[in-house]
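Reviewing the structure listed below.
Letters A, B, C and D mark the chains as written, and numbering starts fresh at 1 in each.
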Amino acid sequence: MINKIVRTMAEAMAGIKDGSTVLIGGFGAVGQPDALIEGLIEQGAKDLVCVANNAGTGRTGLARLMELGRVRKIICSFPRSAGSVVFEELYRAGRIELEIVPQGTLAERMRAAGAGIPAFYTPTGVGTLLAQGKEVREIDGRLYVLERALKGDVALIEAWEGDRWGNLTYRESGRNFNPVMAMAAELTIAQVMHLRELGEINPDHVVTPGIFVDRVIRVDRGPEWA
Amino acid sequence: MINKIVRTMAEAMAGIKDGSTVLIGGFGAVGQPDALIEGLIEQGAKDLVCVANNAGTGRTGLARLMELGRVRKIICSFPRSAGSVVFEELYRAGRIELEIVPQGTLAERMRAAGAGIPAFYTPTGVGTLLAQGKEVREIDGRLYVLERALKGDVALIEAWEGDRWGNLTYRESGRNFNPVMAMAAELTIAQVMHLRELGEINPDHVVTPGIFVDRVIRVDRGPEWA
Amino acid sequence: MKPFSRAEMAARVARDIPEGWYVNLGIGIPTMVADHVPAEREVILHSENGILGMGPAPPPGKVDPWLVNAGKQPVTLRPGGSFFHHADSFAMIRGGHLDLCVLGAFEVAENGDIANWATSENDTAPAVGGAMDLAAGAKRLWVVMEHTTKDGRPKLVEKCSYPLTALGAVSRVYTNLGVFDVVKGRGFVVVDMAPGVTFEALQERSGAKLHLPG
Amino acid sequence: MKPFSRAEMAARVARDIPEGWYVNLGIGIPTMVADHVPAEREVILHSENGILGMGPAPPPGKVDPWLVNAGKQPVTLRPGGSFFHHADSFAMIRGGHLDLCVLGAFEVAENGDIANWATSENDTAPAVGGAMDLAAGAKRLWVVMEHTTKDGRPKLVEKCSYPLTALGAVSRVYTNLGVFDVVKGRGFVVVDMAPGVTFEALQERSGAKLHLPG
């Protein structure tokens, strides 16, 4: 019997190696896999490349992982925001690498990785600093930049419901990067608010089919998210 | 008030021009917009390029459109199948052009058109007849073919439910090419089994958001499809 | 001279958005545009984080933590709204499905170039977010901004001095002093002026030649 | 010599599929493989037209017209199954998410090349369907086919004579006479033989050198 549901955070985090590229879902706090990030802090992997929309805020979660010196590089669209104090300290001190990627290119590069597309052309960023050093090509009279797929070793995502085959649904704007990252990583770990019996999720409503998911762990974020 | 729902087939077909590229959804009979194809036959546009998975069967629908001499070219993955008599006659007589595209490349080329990606690299077809004349490039030690976006002037699709903003859901394997084609055309026309009030479709369950849809017409395919 | 207030600028933009358009509103004054679209005129708001049909902020005590806009503020969803993931959301943007995007900017050049994300080439940790995707992808890009910087430097310029967001993307600019079309081969064409503003006063505060319509 | 029947070939393939694999089965003998996976072993079947968790054909009178497989035959969905669109379906295929694809073929070459879609270069209206995507995309490609054509020509060959479907993609071949691994730098390695078949008889019916394991 296939059973992707794990009961402990240690099982959820098993095998994440030093040097991994870790995709972290969420947009701000919404759809952000807080418990899995805490699990990763506990687990100990270091020299990580983290891919997320933001570079962490405050001193917990991703910011804490960075503060512990475990993140070698961050790939994101919006590093500097209210409360991104840890990132800014590390960045000024030259202790963390940064790759800024336009938000849509970031999403599409991961979708491409998941879909077996190694590279694609996009109009985003043409003529800007973020296209420097990249191939630019004219197609049908317009200029495009060649962007490469961005694959993760691990994806940490949050979903609303999950079952033992790894099927997932999301809630409202909690969907954001999560389904895209689920496709793009070798090992996809989902924290879900609700476990469902197999077949309980309407097959027309599944957003991330289980083929993209390796482990599911139930994490109740509390009544305000219920 | 936005109202994409039209009541007559003439309204649904208004403005389709000679020479249009028409994307036609469905996989076999499932999710195939039969009534819209009949509407197009009636409407009269000719010199069409039709994009569909198959090249029509029997003497109705797409096959009838071809038999009437209205289709200049067909772009599909599987032209020759049981009952594709009209296509085969026309093809042998040199009266229709054919572009064969691997099924996944066909879907991805339309998704790319809808997503503003003019071209992408794919491993599918490398070293085969279907890659002849196309750019091949080595990326990270593997060969890939460059494929171009495939845009439609019109998409004819079938969906399960639709509302006046053009939001759509699909039923089971009736989804197939329909959401991809909806993204890829200038003018997307959907035949739906059920009209819903605005807000009646759960926003988490919408598969094609209305931004991709221009017209919705209710067509009851009968009790066997209900 | 009676410059437009921020609210007046937002209202001026809102006036020009017809029913049925799909619109993405950037952070700042652009966000305020939504409050000035009359309730009976259906304009469908898009948010990069996967929302179509976004509604206004919820009343206090009715906040849904799962529902925020691109600025991470709580919002609501109108009947007919929908949710989707980031790749689909930016497919809508990049694929040219949005009728309009409204952004703020540091500078707009007379050829439509926009600079709105980084203040110097050495500022290697700026925050681009979805600005480049929106600027390159939407059918139309309108900019709302103050006419000059706080220290009086013009923001309508011949050529942007800040790092670019997109080339030739802006078609209209709303400032506290006026409204300008960006016309290919011509430059900034004055469409409207704030009460008491003269063409000469406008030109004086601009870094590129202004044109009268016609 | 007692060649495997079609059902035995399908059963032989099924025996080698472990629980938990995501598998796409092509038209013909590959489709029959599903019937030979024991009910208690969970193997998740994928269909190009947007299905995961495909189940067997429905009993007569229980046909759901919305639910067909890639061969357009009525099927069922197992609890835990899901539906998605064609671009997502081929993202699964091209992205290497399928553990296995099983296809029929006209020819397989000792370097793993497969030809299974067109019978001549001049056959300009053949039907490729999803074969090229599956052959290039799945983690493993196994082929099930008769060992020779009806007129006795070998289908295991040094080099394919028919137009290729994919380069170097096949890792295993099941025929009515035996089972063969395709080993890089070595070629066809005999893993199993049908009852009464000798290595010499197999070699005689093959167009490329066969190897014994080890």
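Everything that follows uses one rule, which is that contacts are C-beta pairs under 8 Å (C-beta built on N, C-alpha and C of every residue); 3 or more make two chains touch, one makes a residue touch a chain.
The chain list, named the UniProt way, goes like this: A, B = 3-oxoacid CoA-transferase subunit A; C, D = 3-oxoacid CoA-transferase subunit B.
Just so it is clear, the structure is predicted and the values come from calculations on it, not from any experiment.
Enquirer: In this assembly, which chains make contact with chain B and also with chain C?
Expert: Chains that touch both chain B and chain C, as defined above, are A.
Enquirer: Provide the C-alpha centroid distance between chain A and chain C, rounded to the nearest whole angstrom.
Expert: Chain A and chain C have C-alpha centres separated by 29 Å.
Enquirer: Could you state the distance in Å from the CA-based centre of chain C to that of chain D?
Expert: From the centre of chain C to the centre of chain D is 54 Å.
Enquirer: For chain A and chain B, what's the span in angstrom between their mean Cα positions?
Expert: 33
Enquirer: Out of chain D, which residues touch more than one other chain, so two or more?
Expert: 77, 83-84, 87, 90-91, 93-94, 137
Enquirer: Could you check chain A for residues that touch two or more other chains and list them?
Expert: Residue numbers touching two or more other chains: 108, 111, 115-117, 122-123, 170-172, 175, 203-204.
Enquirer: Touching pairs of chains, all of them, please.
Expert: In this structure, the chains touch in these pairs: A-B, A-C, A-D, B-C, B-D.
Enquirer: With touch defined as at the start, can you tell me which chain A residues reach chain C in the complex?
Expert: 27-31, 77-81, 87-88, 91, 98, 100-108, 110-111, 122-130, 170-180, 207, 224-225
Enquirer: Per the contact definition, I'd like the list of chain B residues that touch chain C in the complex.
Expert: Within the complex, chain B contacts chain C at residues 1-2, 111, 113-117, 163-165, 167, 183, 198-199, 201, 203-204, 206, 209-212.
Enquirer: Taking the touch rule as given, give the residues of chain A at its contact with chain B in the complex, in rising order.
Expert: 108, 112, 115-123, 139-140, 142, 144, 148, 169-172, 175, 203-205
Enquirer: Where on chain C does chain A make contact in their complex?
Expert: 47-51, 64-68, 72, 77, 83-87, 89-91, 93-94, 118, 121, 124-133, 136-137, 163-167
Enquirer: In the complex formed with chain B, which residues of chain C make contact?
Expert: 19-20, 22, 42, 44, 46, 52-53, 77-84, 87, 90-98, 137
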